[in-house]
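Got some structures for you, see below.
There are two complexes below, and they share chain A, which is joined by chain B in the first and by chain C in the second.
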Partner chain A sequence: MKASILFDFLVFPGIVFTAGLGLIAGWLDRKVSARFQYRVGPPLFQNFNDFFKLLGKEAMLVKEGVPWLFVAAPLAGFAVISLVATFVGTALFFGRDTGGDLIVVMYLLMLYSVTIVLGGAAAGNVYAGLGAGREVKLLLADELPFILACLVPIVHAGYRPQLADILARQAEHGMLVGSVSGAAAFVVALLAVQAKMALPPFHIPEAETEIVAGPFIEYSGPLLAFWKLNQFMMFVVFPFLLILLFWGGFQLTGPGVVWGVLKYLLILVLMIIIKNTNPRVRTDTAIAFFWKYLSPLALAAVVLAVLGV
Partner chain B sequence: MGWYNKRLAKSLWVFHVSASPCNNCDIEILDLLTPRYDVERFGIKLVGSVRHADVLLVTGVINEKVAPRVRRVYEQAPKPVFVVGVGTCPISGCCFKESYNTVPRREDVIPFDLYVTGCPPKPEAMIDAIVKLVGVLNA
Partner chain C sequence: MDSPLVLVIAAPLAVALLNLFLPIALRKAMTVIGIILGGVLVRGFFGAPPPSVALFGTTALSLDDLSFFSLAFIHIIGLIIFLFCLKGLDPGTERTFLVLYPLTLACANGTVLSSHGVGFLVFWGLSGLALYGFALLGQGESASATAKKTFILVGGSDVFLIMGLALAAMSSGWSLFDARIPLAGPAEALAFVFLLIAAFAKAGGFPLHTWVPDFSRDAPVESAAFLPASLDKLLGIYLLARMMGGYFEVGLFTRMIVVTLGALTVIVAVMMAMVQHNGRRLLGYHAVSQVGYMIMGVASGHALAFAGGLFHLLNNVLYKSNLFLALGSAEKRAGSHDLDELGGLAKAMPATFAMALVGALSISGLPPFNGFFSKWMIYQGLLEQAGGLAPAYAVWLLVCLIMAVFGSALTLASFMKFLHAVFLGRRPERFEGLREAPANQWLATGLLALLCVVFGLFAQAVPLRLFVFPAAREAGFEAFTYPGFYRPNLILTLFVIGFLAGLAVYLLTAKTRRDGAYIGGHVPSEAFRVTGTDFYKEITEMRPLATLYRQAENKAFDVYDLGSKATFGLSHLLQRAHAGQLQVYVLFILFGVLLFMILAG
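This part shows the complex of A and B:
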């Protein structure tokens, strides 16, 4: 039993699988973005080259700021994302819980944003500090609608937050996205995920044109490689989570594989399209968008779910 | 090291050091990112922070005021880092070579690995220079 948990965490669906698929998904993101701009785009293994190149470069530590936190933040973020990938992946592919339910997953995803804030704040750079502050604001903005949207599958599963129960309910009654409350919650969750991953139009924390790279500005070499890897792994974790919550899971047998891959690609490409067709919004606009429009929508979805629609 | 150099050659991230240029070369550098030339095909990316850079593109004659800053930016870049001088200015000082304000020896400020000639150089010339750098790395 212990060996199987280790295998889950280290190989499939944990670190190795998520990192490999994430680097490919990151290539898809760059390629589709390039085609949007009538460019050719990078070759298939570009992100692998970037990652290994960064691993071999010099890692510079900060003179001002807190060096140990500066080093610890990307590694802690990597640990958090790997853990989420294991929880979501084992439930999605094998239908069993590895000790974590949806509440743990939501908590860990919030913790990842906290590691970004800590890493940015430890760098002792003005731009990094600004980026960390913006990350906090964005976290405040997107957390409420995200949690409300995640409540909908919990309510549908008979008020049980176990990932396996959510999947089992959808196996009986069909995909959650087919119901009114499920569809509304999916839209809200997709937009909140866009903000959680800091993708355009919500790339406020790392706005290239004003604060250069935000919290990541002082990172170089292997530490930057881990931040990049975390971001690519989120290209796997978040679509898988959305598939699990709203699109009825990923069967590993027969035509289920094809359907699963299609669901994954659909959500990934939706995210890339939203990313490429929207300019960056201001911080106050983003908070107003999430609190004034998406949160009431998510709340309405929860009420509808309680009513059983 | 050969394996690592091949990875490095396929993913050169470029940081643009503007050392008192006339802005002509800078515009030509931005041309490289447009759909017509698209250097992302070769994995080349323009980054905003010098901590992420593998290549420093230096444009302009380096004058007395900017020289210490250029030196500092070079020291802030994580090694290995390559320095490419873009345009005639880093090579010879172009028409500013007798100005009271230019640094007499630019090589003392920052060690250049490669020069691209032209005033401004064509984007094709810059791609050619990058290909030469990649060739050196792969050798």
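This part shows the complex of A and C:
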């Protein structure tokens, strides 16, 4: 393995960069959400403080659970998110595929959900079990439109799943979101991502007022810190993926950087706005929404993409 | 007749005959010796195929790369599953089981080695009979009905095989290896359809799959891992691969129809699997669902997808038998394969759980396990295929592809439920003091899990290079280039680095304490147990799925039930015609004579 790949994974655009930017994105989320509720919101480095504070706290293991799986789940989740961050990041910034194409990325994202489910199921707590079940249901709900939406850039890139090919196509023909099929697919993908991150209105697995954080109920200390960090890292990974697939990528030179940051902020703020303006939906409503409304829309986008529109 | 090809069939057959008389321990020893002997012979065929065997002036047995592919894995899987059978077989049926096991192996070997249609037919039919024998060993209340259903569906499909081979023989002789039949006339088209029915019934393709879940529930669990999960797939898909890889010259439209049937198999079976409350039936439906991927790959006509389909066959054999056996271990300890009754076994049976976890992640197609690699090959093949088609066909193929990808998300969901219900969640109190499965059992599941990992990480170097690509070349496919990009080794390495980094942080900072679960002040008890079987209630209650599920429960889509209803309806009609009055019978004769005269002109 080349040292450069290790650097990609550990520093940029992998763990250090994604975690750092994620914690700041998380601050933006908290700040904007606070403004929605006429509050001031936390200071810039609050998430860093929270993370290190949690590292110093006690970690509780449940007697009834399966301790090794309970501990392994958040760490495995962290590794998976770091992998996706690296693959998406190297394609986005350097235009090359590192470890896998879009199909691999889609499946790795499923693997992340698996870690949540296994962590919840290993806790031996009834709320965690219920939350784990809901997490899978939510995955089922958003996966169908997400697959369809991801197929649109693949079709536009000449039926090739490599991330670099998708970017190359957009460099040649302009951003995908400028086409009818691309715009429709982006809207679908954005909503599916909202569910993949379990953000409101799709925070069904965690549902604090119902099942008290669901899969995460028994997590505390460093293990909880990792779950929180994973969630913040997703604030980077998913917007970057959407920029890569639909918004023509992120150039690291000259005005490209400004455009890139603006694209990122646009998507992030869109996600935060959706999050703050919608109450939680029921599981069956979410499934019906994704399967009966978004999926046909995404299928229409795929058909348009095949026709080259 | 002293060719090693004959010996490969004769050795297990002789073991089966001997086993009729030997005591149990010797029966096991003989079976092991028989399989190992066969394995050594097959190893010798590697790179140096033995001469064909002629009988009555025509080639009867012959080995090419496609049959070698199946033959090798029949032996590998036969040996590993038998390792599981060494200890823990049901004492009531053990004697018969140990006769049927080598007999099945002999039949399977004969099937893939027969290059002549008649020999193929005989061995294929006999393997179906052995399947019926295993079904008869079942002990549940519905076991005999299941055995009958299996026999009628699988045996009935043999009739189609006979007709199909005979029709094909009319245009190109009985050789299975050398023929190239264009689907020009109705006879050839009919031959294709009949052989397709036979392959689908054997492998468990939609809509002829309905015997698989029932057999999986009622037959001994070892035979469920051995036949519907492994050998029947190897045989059924072997036939399909022959059909699609040169035996017939298949046009695009026909291919698309078969690919669509494959996609439907994936979705329909996995939707049924998700709602099962019986662990074995759940696995049985997945055994069906996975066939869909193989059918799609093999039927697509794209080189990479074809190879992917064959590779998926191997992978399925590994993880599906692993899952059946792991459930078998749990079931033998806990005394039930009902998901509502199991739970929390991971603590008592950590090795079995770890193996089942690998199997579950593999079947769900998660990287870097083997199931992902073959699915990834199939997806790319279908994508590239779609890229070269007219828009209408491209959309059609993409819809099939979406069904396949979504099917794997559903598979994942179903296995999360399976793992939760069997191994995780809260442990019922009666399972206190349960012990790990015997060593031979977790060694067998462990070997299968290990192969799942090895085939995922070293796919290119081991299974593809040695078995899959030569077999696909035999079927006329060349040039396996990947339009996508995937580095399983790198993914695993980086994953381990990331995981260890996290673990280091945890170990350096954590102060741990153990305590009971917190459920809002209630005392945790059995009443608060989540079994996981109701995870997908929302989906079964959603319109229009609710209606479909209800009808499926009433067997409204089961070919077997529909067929038996039609048969009984017809015989009821005929019964009513038997009035017992002489005049009526004379009238029948008169009508018959009249009809005959009209027909004869």
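Throughout what follows, the second predicted complex is superposed on the first by the 308 of 309 C-alpha atoms of A that agree within 3 Å, B and C clash if a C-alpha of one lies under 4 Å from a C-alpha of the other, contacts with A are read in each partner's own complex, and residues count from 1 in each chain.
Simple rule for what comes next: a residue touches a chain if its C-beta (ideal position, glycine included) is under 8 Å from a C-beta of that chain, and two chains touch if they have at least 3 such contacts.
Predicted model, so just to flag it, every value in this text is computed and none were measured.
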| item | value |
| --- | --- |
| Fit-or-clash call for chain B and chain C when the two complexes are aligned on chain A | fit |
| Of chain C and chain B, partner touching more chain A residues | C |
| First (chain B), second (chain C), both or neither touched by A:60 | both |
| First (chain B), second (chain C), both or neither touched by A:297 | neither |
| Contacts of A:162 with chain B and chain C, given as first, second, both or neither | second |
| Touching partner for A:46 - first (chain B), second (chain C), both, neither | first |
| Partner chain(s) touched by A:187 [first = chain B, second = chain C, both, neither] | neither |
| Partner chain in contact with A:98 - chain B first, chain C second, else both or neither | second |
| First, second, both or neither for A:218, with chain B first and chain C second | both |
| Which of chain B and chain C A:269 touches, first, second, both or neither | neither |
| Smallest separation in angstrom, by C-alpha atoms, between chain B and chain C in the superposition | 7 |
| Residues of chain A that lie at the interface with chain B and also at the interface with chain C | 56-60, 212, 217-218, 221 |
| Residue ranges of chain A in contact with chain B within the complex | 30, 34, 37-43, 46, 49-50, 52-53, 56-60, 208, 212-213, 216-221, 224 |
| Residues of chain A defined as touching chain C within the complex | 1, 5-6, 9-10, 15, 55-67, 69, 71-72, 74-76, 78-80, 82-83, 86, 97-101, 103-104, 106-108, 110-111, 114, 117-118, 121-127, 129-130, 132-133, 136-137, 139-140, 143-144, 147-148, 151, 154-155, 158-163, 212, 217-218, 221-223, 226, 283-284, 287-288, 299, 302-303, 306-307 |
| Touching residues on chain B, where the partner in the complex is chain A | 4, 7-8, 10-11, 13, 35, 38, 40-41, 43, 47-49, 51-52, 54, 76, 78-80 |
| Complex contact set, residues of chain C against chain A | 344, 346-347, 353, 361, 364-367, 372, 376, 379-380, 383-384, 386-387, 391, 394-395, 398-399, 401-402, 405-406, 408-410, 412-413, 416-417, 419-420, 424-427, 483-487, 490-491, 493-499, 501-503, 505-506, 509-520, 524, 528-530, 532, 534-536, 538-539, 541-542 |
